């Protein structure tokens, strides 16, 4: 059991490391302007907005990954590789963030940004699916994961956003913001159950219930 | 309890990772000069000074974050998000450090540097506030946090520094240095109580008392 | 015993950190195009393919390192230095990845890429050898490590790839992909034994057996 | 006691993180050549040599820091700040490594490289001194630290190297290599005592003795 915990711990540590680096190196794409006027920052505004959205997304992924791995009891090879797949797509976020920001949210960059988000969401679903297979359908893990309505809706919105970007990219960008808000907004059921649940994951029926939303497949 | 510790541990690990990356990538903004003369380093002096100040600030934040999370018993969703907000503002430090250094402490860069510091300080206050709410007003955590005089003074000095930078940016910069010195200087009460306190956080009344200043809201 | 675990833990943590940074900074070599057209991404395709291969390789190394260190009971100075040697060669992967990608898999970059992979594989063998010496030939660690047929074949393929690159670099590149597939493909014996083995490393004869392939010397 | 361990653990984790990032981002200073010929790598040879030396130095520091913190029982504010000072000087290593490499080991870059190494060595001495003060002169920690002959000789060689660089920089560079070899070379007493000592730090008189050299003040 201690050995299992260690293996899980190392997966968490590696993922945390990669996510911490992704979230931090993105800022390197915000090139420091040569002039020192307030106007010289103006061209950076879209880059900054793009950075904020990606920061929120990586933050949400870290938060959800944290919750899901916390609930997990075991990991196996399939979980390790699904996790690597997720990290792969997230590692491309700094690239598409910079491309989208520098091109002021024009069509192709917004589409590619959406595709990367969609790929990350699919990978997250695969990761959750592999964890469910490993723990069994009737395990505490699987029950707390729930039916993942939120995750399915997110993928649908990403897809819609990608398609509508061909008409106007800001519609696509707007829809990506909507998904971020859906995940960012505290869950009301989760709020009602309060801190007690938060400190006793998976030990009371009440908490299991409230956690249905706290282990989302984004 | 073990589960709670793990969750807190992962928050600490993620924050440590981000802070470690921020403190290290800042040096990448010090562009290596092409010439090999001692004179070629001269234009880097303001960039270096700017780097030193930011290194000290990130170091102080790491130190304070370390102390505060050490005293904390639980974390919840609100704490996670307040922590992310803090990391967001600190992630912008490399950008403003480079901008300020490359422009030799001229008006707008110094103002923006101050705004980022102020935002980080406000986020830290929110984080401490959320931790206090979670632990309760009468908890060991809240009592050791104290009234946070130092934190309130810091924010006032930042604000003054931002305003006075319009008259002369070096006044603003000087005030940011003052705040760093305030936090850097070892606390006299803390010194008196000595190492014993440092190794037994929150277990004796003496230690609680001396810790009032060691859990600051910068 | 707890002390030993800590030392091993810190070696793992440091290695995870370095591997996490390597895997993430590679993406910085994919320079964001200035144009916003889909065509502007075309020159990045070889860079992207190069990135994918390196991502998979670093992922495989992390996975294998994770398994091998998990099975290890002790570390000593020789292990620490062999580990540093491995990290040294892997730290050069972002450089050769970018060089190979930007030059569309031309002769010398492909050769150098192969040399770096070969050096990393040799270092990994030295690391495994040092761990075997430390644990003893008849230890659980050494038995689960096995004869390392896969590792020896990999080194042979690298060498062949380096030589054949003088005739045509894509042959070399193709062989590096073959090695990645060899390692990436789940081991059949490992699969048969299933998840149970994966959670009880080194405790049952069955599991030890199935692990012969899961502790590879790449 | 558990609390102390945690605090020490977080100091170690933060230091590991910073050292892992330093050792990895240095490679970013090796700019990928545009041509794909073997000749195009030639100008990178001094940069590569410079990188190798710095990699070895950071590796030595990580190794020594690892051993010293392993032996330490407590940390306090003074230790935290001495540790930050050490990390500060080491964070400048990528900068001086690149400057020295790009200028083919000419006078000023070699001098500055030596100054940074000297400063790091002094900071390490301060860190060890603060740990000794905290643990007491007669503690296991202080006795295993010993008189630190190796550390004092290193600082003398750095100083000599800096001075002699004014005559010819390669003399200075050669002396820095000498210090790296002094630390890199396995200690004979340490070797004789073997693995047993390495796994039971500070528990037998034999081991304490052999450790006199394994807790060096570089």
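Order of writing sets the chain letters: A, B, C and D. Residues in each chain are counted from 1.
Just so we're on the same page, a residue touches a chain if its C-beta (ideal position, glycine included) is under 8 Å from a C-beta of that chain, and two chains touch if they have at least 3 such contacts.
These numbers were taken from a predicted model, which means no experiment stands behind them.
Between chain A and chain D, the least number of touching-chain steps is 2. Residues touching across the chain A-chain B interface largely differ between the two copies, under half of the numbers being common to both. Averaging Cα coordinates per chain places chain B and chain C 38 Å apart. Annotation: 27 Å between the Cα-based centres of chain C and chain D. Among the residues of chain C, those in touch with two or more other chains are 13, 17, 21, 25, 28.
Taken as a contact graph, the chains are arranged in a single closed ring, with each chain touching exactly two others. Chains touching one another form the pairs A-B, A-C, B-D, C-D. Residues 3-4, 6-7, 10, 13-14, 17-18, 21-22, 25, 28-29, 74-78, 80-81, 84, 87-88, 91-92, 94-95, 98-99, 102-103, 106-109, 112, 134 of chain D are the ones that touch chain B when the two sit in their complex. Partner chain A is touched in their complex by these residues of chain C: 12-13, 16-17, 19-21, 23-25, 27-28, 30, 32-38, 41, 52, 55, 59, 62-63, 66, 70, 186, 190, 195, 198-201, 214.
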